[in-house]
Structure formats: structure tokens, C-alpha cells
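Letters are used for the chains, namely A, B and C, taken in the order the chains are written, and counting of residues starts over at 1 for each.
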């Protein structure tokens, strides 16, 4: 018995499968480069054991609990929001007895990978095996081998980026650096809390930004200088990138007086929705300007309608599996920024989407022309076998491989990192194998490309 | 010679095909559950012979005559609108001599299925075989075995839902029930004629609704009570569901005074287009409220621009093959309804789309989170092998299989029902076979899923 | 060693591949019918040698230089805009050393095809082989066999259409006709310069139109008569079609007074953006009216945001690889035109798209109903193996094969014409082979269809 077949995700067709197997063998054991994600630096700073299987597998993973919730399991039953979990075994039983819901999803692939490779479990999770799983996992989590730093090393992670607010002091990152541990964990500058007027605590954040930097953040120029200062600070702790999670990809290029006026309006709390959107748009262009100056790579993750479920948001807050994508324009939205900086080969702007229709219509044509643009990997709901396949099919013919930026795991679930990279490597090997089998490239080229897609392009794009 | 190959629609790759074949064998003969469609209860109430091949195959099937029309055959030549058809053999010859137009379409698959399994025809339809076909079909249609009730039984239909106006007296349904015949045929409450101010006869319908129920439907409260009463009446004849065919998926949640004012405006005929849209939007939320009370499952079929061809509409009326899909938003449109009832696990709201881009971007994320939501099968133009394949590929990774609601044939063409279910079963078997062949699920799971997709999920979703 | 495998682009699965091979063998050597493209009649009128490999392969091909530009190569380095190229060998070296960028793109397929079949080159292009390539190509280009007319004949081109402004005198076309050479090269009437108020030189063009025709093009009626006259002139030189490259597919059907007023506004330079759009919209309907009268087939190529890169446009002008697609509506946009002429079987209106989402949602349903509509092949970024596969998968089930219009190479790169048709024939053979292997059509039907898709349908649609 085994949960994982060695040929999983490869095409069934014999010749193509054989090529995929060869390509995968060449990249399987390459180190993991994780330039964007949502793990917590504190885990590695404190290096404490994960307390129980639920805290490890269920609570941090909105992919898991959103599916259970969709089928009538309540968040109360799952003890979402309880730290620590009061009755982890009971929650685990609910999860186990609903494990069939994940058939055909990437979550199933990621979980099985962790169950088997980390915990040696080889019989499928179900109500019947729930206790065996719980006991096995609980026992192992208590061992030294399962502390965060040991797992980090075991996973073969070369570098791992967290995502952080500009007003975060990055103390955990400093602790890690000071600890002498060799694991490379770097912060990412994500200014949404002080750039998006609709973010809860926007004004408080801007005040905090002033205190941290000694700038008068009540003025437009002081606010910009404060952001520049925090970017410099992030760089001292290893940051190579920024990240921007706006509802749309809208950019703007206002003159200074207009921008200053708009800043006063949003800070004064009198701005309307359209002005808030314009402010976010302007800030993307400001961030591009700063990136050109300080060399931080810029990422835009647009198009998520956050906190779509008002009742869940009221009760549990953000990131509860209730963010839903919306149709997203790039061709018009990015134009103001591109008019100004689009031809700068020194700028790297990595674009993501939750609207797959943009891949072939807008994103590949844009990235296949503008020197500053690269395409990020399939994101969130599309970090999946079919999502990855569609991404390559939709993007490659126009943008090629070299305008893409490797893989991101983008996860809060630490344990899923190796599984996610493994899925990406298998899917890229499979896609390349099809190109070889159909005589569209030759195998020596595919071998080279497989390594680029696994490690080379991401290091280059993120300057890692 | 045969029209139907036993491995049709299965992947050509040998290992995958063998798995598909096994999965299909396990579901091939399961009963047909048809929870949504447009057959006529009168056929089963009266149980009269279908008069001729054209009335059986061509006239009720807008998939057939729209294709012929697109290639220059006029609706006059096809005698669309003539009851009875004056020269069925001449029409049949036109159809037969254009049969090559259907190459690569699902219509071809459905027709060949009926030709061979019902009529024993095994040589391809063409000008040369037109008369053989006509004579064979005409002769069989005259026999007792081809009366509607006998076909219903022969098709293995366990339950068949029609679609009916709230002001329909459902006499045919009552006749069937009173007849002692065991065939289960149930109505579906489709209130568009009295809910959509742009529906021809809207005000007349609302008056009729008042007469049928004894409510004062000139008032908002009386109108709502009348609808509630008709829903109860539909339930007495077996209805388990409602259906809503709006141009968009827009919902609204007005307070009572606003809603009452809006009702007066639309009933008074003074409402503008935006108000009519708002009224339809409000009515979806009212219907959700009623569903929560009376347990009827709610279906929304949005996004069709009806009667796009003004000249054809003027001459022939509705449903003449000239409805064209439009881009359809769900993420914003459904929010008012979901804000109110989205977390109700007791409510079942089944969503359909004619805009496939919504599957992975909006519908799967929504159904993979909200307890009340399920996804209906690929609809109309997408009730086809490629449409079904895309549906599973786009939806499964985010929503899983268990947030989908089985298959609908949704047809006016009675004869096509078994063919359509057969295509769906073969395509689902093929999709599952690929997952097994790529080691994403195991075969015992696929066996279980195949049965759920064929019969289990639809019975549960529609409470049948 | 060879660049081209004889089974390239066919599915790897053995049975399907064997069918594809048989189907392709039946169409491989059929003549090339090229009803839409951007080659220059002057090449064939003057029949001069192409001066060097860069002028032949790099300069006319925005697919090539946009990819190089996206990866940091400047247009200056590529000598784009220099005629003649000053240092073609240096440019060629840049191109060769970046050839890996084209892996997985159709450009790679087209180039390899030309390298091997025209120049006998069989080792992959790279920095190492750059000089061999340059020398070989340069030497052959200087020979008589590589003059434009000889290549035309060698390519097996039966007819080749250029794309021309209404104010073009078509002197090159006249020279070709007068020369006694048998090659059939026909113009296409593309009135954008005098129909789109945002086209540079719009008013100058309209004046020129007046001079050419003797009509008073300062009046609406004179302007229309002038366009009619130029259409007649184009027909005398073999034109069978018009072409319209608007930002959207919007049409309008104004009454004469409104249209005349609008014409005055746009000609007077006082029109706002919405009025310019309305004018373009009205002109599509006028063009349809004229087509119904003079029999010219009408093509609409909508949805490109032209000259997206302002800096590149300022420096290099149009067609510099910086046109980016946008989301494009057809269902509402085409309605005014279709309300008037949609049911005319004598009109042929061929629709294209850069928004693939429209294929299954709007274009196939429209073409599968309206007698005047046909679907053009996948265009521009989608003239590629995956683009062609998606096109057939998205369109065929609703519109069938017979509402499509064969292949267009649509190229400025003369040398790529046979390669592009070869890719299309291989991809259509592959798609048909899958339908046969899955028993959805039979092989005799696929044989017939393959010939229709290669030559039959395009000749019929374009009246060639």
C-alpha cells in the first residue's frame, strides 16, 4: 500500500510518460526556492514543536476548512479560531470522515504527500484510520525532528520568503539572523495595510509608520519617505521583493499636486470608493518608482474580492476561505504605470492573476513585449495540476518560458511546501514531455528548461 | 455497420480507456434521473403516438434547426411552426442531406444514438438513406411501443421534471397522477412570466395569479402570498424545485418599503430597464427566502440574451435557436442574496452558467465555500463532450465533486434524453479514468464517484 | 540531424497519431489559399532579391522582435527601422544567441520550417551556428530561385491577398497583372484609415478619397459614394473581400440624418471618443450594406489595443509588437448590424477575435445561428498549435465545421506562409484524428473534412 505513486501526475501515454519521468528525475531533488508565501517567521525564531495534528494540518489551511464548510461542517465544529484547539482528536475525526470531499483536488495531493513522506502513513485517511493518523502524527510532531528548523532543512529549502507589513518590526527575522541558524528566511514588503484606504486600521498604520521612521506621515512627501525608509529596513533583513494585493490591477500616474491632494483626502477619511481606488492605483506607480531606485522586485496579486462572506468576516476576520476572484483587466489598468516605467529593463514587475482568461488575452502579450514584466505562476485556486497545465498552454506560445518566474508555493501551510513544489515540478515535466513527444522542442532543451522552471528562473526573477 | 462504437467518447490511450470502460460498465444501466428539462407533461397525460419523424426529431430541437438555418436553410423550408407538418418527407430530406453539418457536434451523437438504439438504423443518415430512415421511423412511431409512456419506461427514467409557469394549472400532471400509471413526472416552479417585468404578458400573468390564489396580487404582500401559495400547489403535484431564467445573476436585498414601491413601479408599467433588473434581482432573494421556508430547491439559469434575432422573434416567437450567451458576473451579483442566506446549509441553490470563464474564477470558489451553493452541470451549448470535460477540469480542483449536482438533460427533445445521459456518463467515466491513470485518485474511489455523478448527487441535490 | 520531425504536432498516442498521419497525407500537398495577410504586392511587382537574412527573417516579423525586446534586447540593437540594415551579421548574431527564447512558441516552428525546407539547414540555430546560417541564407537569397515570384510558386500558393488602404492606387497590383506572371495576388479593401477617426491622417485620407473618385467627400453621401467607388476599383484588380480592424466589434444603425450629423462631427475634428466609436460602429453597418450590394466578403478583426507602448509608438510608429488584446463583446455589439442584415444568406461576414472567451460563449452560438456569419481561424497570438486546438474544441460543438472559414496566415513574413499553413493542416488533422479515435466521427468523414478545412471552406467563404 502507498498513497503516492511514483508516476503520479505524469501523462498516461507511454512515450510521453517516459520522457516526463526522465525530466522529473533531473529536477526532483533540486533545492526549494520559495520567494513568496505566508509562513510565519516566528516558527523559525522560536523553533517550538507544533502542538497537534489539527494545528498543523487543518487550522492554517483555508483550502481544507473552506471545503468542509461548503459541505455543512461548521467552523465551530472545526474549532477555527481556537488557540490552542480544545479537542483536536474530535476535530481530526470530522476532517478524516470528510476526506472523500477532497478527491480530485490539489489539497488531497498535498496532504497525502505529507502523510506519507513525513509520517510514513500509507493507508488512506478515513474515519476508520483517523485515530492511527492522529496518534502517529501527534507522536512525531513531539519529536525534535519535527521542529520548524529541522523540517525546513529536511524539506531542502534554500530560501523562504515571508510576507510582512511595513509596520512590522521584523523582530522574528532579526532573531533568526542572530541565532546563528543557517536557514535563509527573508521578509517581503507588503504595504497593503498602509496603502489601501479600505484596509482595517489604515490610518493607525500610517501613524505607526511615522513613529517607526521619524517622518511626518501626515504629509504626502513624508509618507513616501517613510515607505522608502521601511523598504531600506526590509532590505537589511534580506528582502528582495515587495508584494501588492489590490482588488484590481489599476495603476495611475498623477502629478504631484494631485497625488498630495488625494493622499489628504484618503487620510482625512473623506474619500469616496473611486478615490480610494485611485489612491491604490497611484501607489502602485509610486512603488514601481521606488523599485527602480532600490532594486526590490515588485509583485502584484490583484483580483480577489476579499471577505466575501460578511457573516464569517464579522465572526472570524480575514483569510477564512471566503475570498472570491473577480474578472480582472490588465491591458488598460497597467497602462499608466507602463507608460512611465514599462520600458525599463532594470525593473522587474511580476504579475499574477485569479482570472485565467487574462493569461492568453492580456498577460502573455504584455509580458511578451514589455521588458519589465514577468508572469508569476498560477496562483491560489490555480496552484493545481489542471491550473498549471492551463497556465503553460495559455502563456507559453506568446510569452515563452523565459518571461515566466518559476514557482511560488504561496502557502500558510508549512508542511505543504515540498508537496506543492513537487506537483509543480511534475506538471512542468509533463508539459515539457508533451512538447518533446510532439516534436515541438527536443529533449536536451526540455532538460534545460525543466531546471530553469524549477530553480533558475525564480532565482533570477526574484534576485535570490 | 453500426453508428455507435462501444468505446465512443473514451480516451484513445489504452490504459486510460480500459479504466473508463470499467467505470462506465458500473453506471451504464443505472436509472435516469432527470431533474430539469422541457418535455411536455401532456405527452404522458394523453399518451398519443408522435405523428411523424419531423415532429419527433426536427421541430422540437432548436439545436437541429439552428444549425440548418445558419447554413442557409430557411425555417419555412423546415416547416417550423406548422402543426401538423404538411410535408414531413420533404423536410426530412432537407435534414438528411445536410446531416454532415452536424459532424463534431453533440447533436450528431444524440441523433445517432436514437437512430440506432430506438429504430435499429445502422447506416449513416444522408440524402441516400433519407427515405429508409423516414419509412422506418414513421412505421415504428405508429406502434404501441413508441407511445410516450412506453418510451419513458424503456428509457429507464426514474423521475422526469417538467418546467412550468406559476399560472399553469398543471392539469396534465394531475391527469398523469390520476391515471394510475407509475411513471414519476413532476413539475418545476418557474416564475419568470410573473417575476420578469420584460416577459410578454407580465401583468396579465400577475392578474391570473391573483385569480388562481384569491390573493390581491396588485399589492406586494398579496403578490408574495400568491407566489407562496402556488409553490405549495406545485409541491402537492410532486415539485421539489424552482427555476429562474434571468438575463443576469443579479440579486438584491431591499427593505420591504423599497420592494413594495418597486413592485408598484413595475406593475404600473412605468419602470425603467434598471428598475426591472432590480425587481428581478429582488425576486431571486424573495425566492431564496421562500425556499428556506418550503424546502424547494432553487435553480438559477442566468446569462442568456433571449431572442437575439429580432426578425425571427417577430415571426416565430420564443425559443427559436436565437438565444445567445453573454458574459456573466456572479461574485458581485449574488452577494446580496448570499449576505442574507449564504450560510444556510438547509438552502440548496444550484447555479448554472453560459459563461464558462466563471467556472474556475467565480463559481467553483463560491460553491467551494458557501454551504447553500451547488454547481449545476454544463448547460445548453456546453452539454457536450468538450463542454463536460472543461467543466470537470475547471471546477473539480476548487469545488470538488461533491459540490456539483449531477447531470441535467434540460431538453425539449424527449428522444434525446437517454443519449444525453449516456454522453454524460461516458464523459464522467473518461474524466475519472484520467484521474486514476494519473494516480490522482484510486480506482475504488472512481467507482464510487461514477455512481455519485450518475445518480447519487442529483437525487440528493434535488431532494428526489 | 533534422529540425523537423515528420510527425511533429501529431498526438503522441499511437492510434490517434496513425490516423492524424493518414489525414495529413491527404492534404499536405494541397495548394495554399491565403485570403488575408500583410505581404507587400511590391515584392512581386518588382521581384527583387531580399537583401539579407535580417531583412528576410527579423525585421518584418513582430513576433520575433517583440520576444527579443521583452528580454532586454533593444530595438536599436536589432536595427528595427533601418532600411537597409547596416550590420545584418551583428543583428543576426543577437537573434541567434537568443533563439532559446522561442522554445515552445509557434515562431520557433515557423522559423525551423523555413530554415530546413528553404535553406537546407538542419542544425539548430544558436550562437555557434549563427555564421553558418547567415552565410547559407545570404548566399541563397542572392539566387534567382529566391526571388519573390519563384518563392510564391515554390510555396504552391494558389492565391494571396494583400491588405490595402482605399486611397492606395494599387499600382503594384496593376503591375503584377500587366506583367504576364500567372501568380494570383489580390488586394483587400481595408478602409480603417478613412473610417476610423482616430487613425493618424484620417481627414487627409478622406480628402484623398475625394480626389481619387471625384466625389465630394466632405458630405456624408459623397463620402459613401466614394467608398463604393473604391470598392468597385478594388474588385477590378481581383479583390473579393474587405477587412475592418476596429478596437471593438461595436456596430450601429443610425438613421441617415443622425449618420450625416455624426460624419460632420468627426470630420470637423470636434467629436468625442464615444462619437468616434459610434462612427466606426455605423461604418461597419454601412460596409455590410455595401457588401450586400457588391458581393465583397466582410471581415472584422476587433479587439486589439493598438500601440499600447507609448514610447515605442513615438519612436517607431505602428505595428511594433506592442498591440495588446482586450476583452471583446460580440453579443451586444453586433446586434444593430445583425438586426438589419443578419438573416441575409447572401452576405458573408467573417468574425475574428483576440478574446478566446468569446469563442464558445458568443461567437460559436452566433455563427451557429445567423446565416451571414462565419468564424475566421484563430488570429494573431492564437495562430499557434494550442490556439488552434482550443479554437476547434471551443467552436465545433456549437457551430460545427461548416460555419468556419478555413485558415488565414495573416502574416507580414512571406517566408512563414507555408510553415503556418503546415501547422494548421497538422493541427486540424490532429483534432480530426481525435474525433475519429474517440468514435465521434468516422474516418471517411474526417478525410473529407480535412480537405474542407485546408482548402474547400476558405475558397467558398472568400469567394476565391
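As a working rule, contacts are C-beta pairs under 8 Å (C-beta built on N, C-alpha and C of every residue); 3 or more make two chains touch, one makes a residue touch a chain.
As the structure is a prediction and not an experimental result, all values here were calculated from the model.
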At the chain A/chain C interface, shared numbers over all numbers used: above half (same) or below half (different)? different
Could you say what rotation angle superposes chain A on its sequence twin chain B, using C-alpha positions and rounding to the nearest 5°? 120
Can you check how far apart chain A and chain C are, centre to centre, with Cα atoms defining each centre and the answer in Å? 40
Can you list the chain A residues in contact with two or more other chains? 13, 327, 357
Along chain C, where are the residues that touch chain A in the complex? 4-5, 7-13, 66-67, 69-72, 100-106, 108-109, 124, 305, 308-312, 321-327, 354-357, 381-382, 384-387
Would you pull the chain A residues touching chain C in the complex into a rising list? 13, 15-16, 327, 329, 331-332, 335, 338-339, 342-343, 345, 357, 360-362, 364-371, 373, 393-394, 396-403, 434-435, 437-442, 445, 448-449
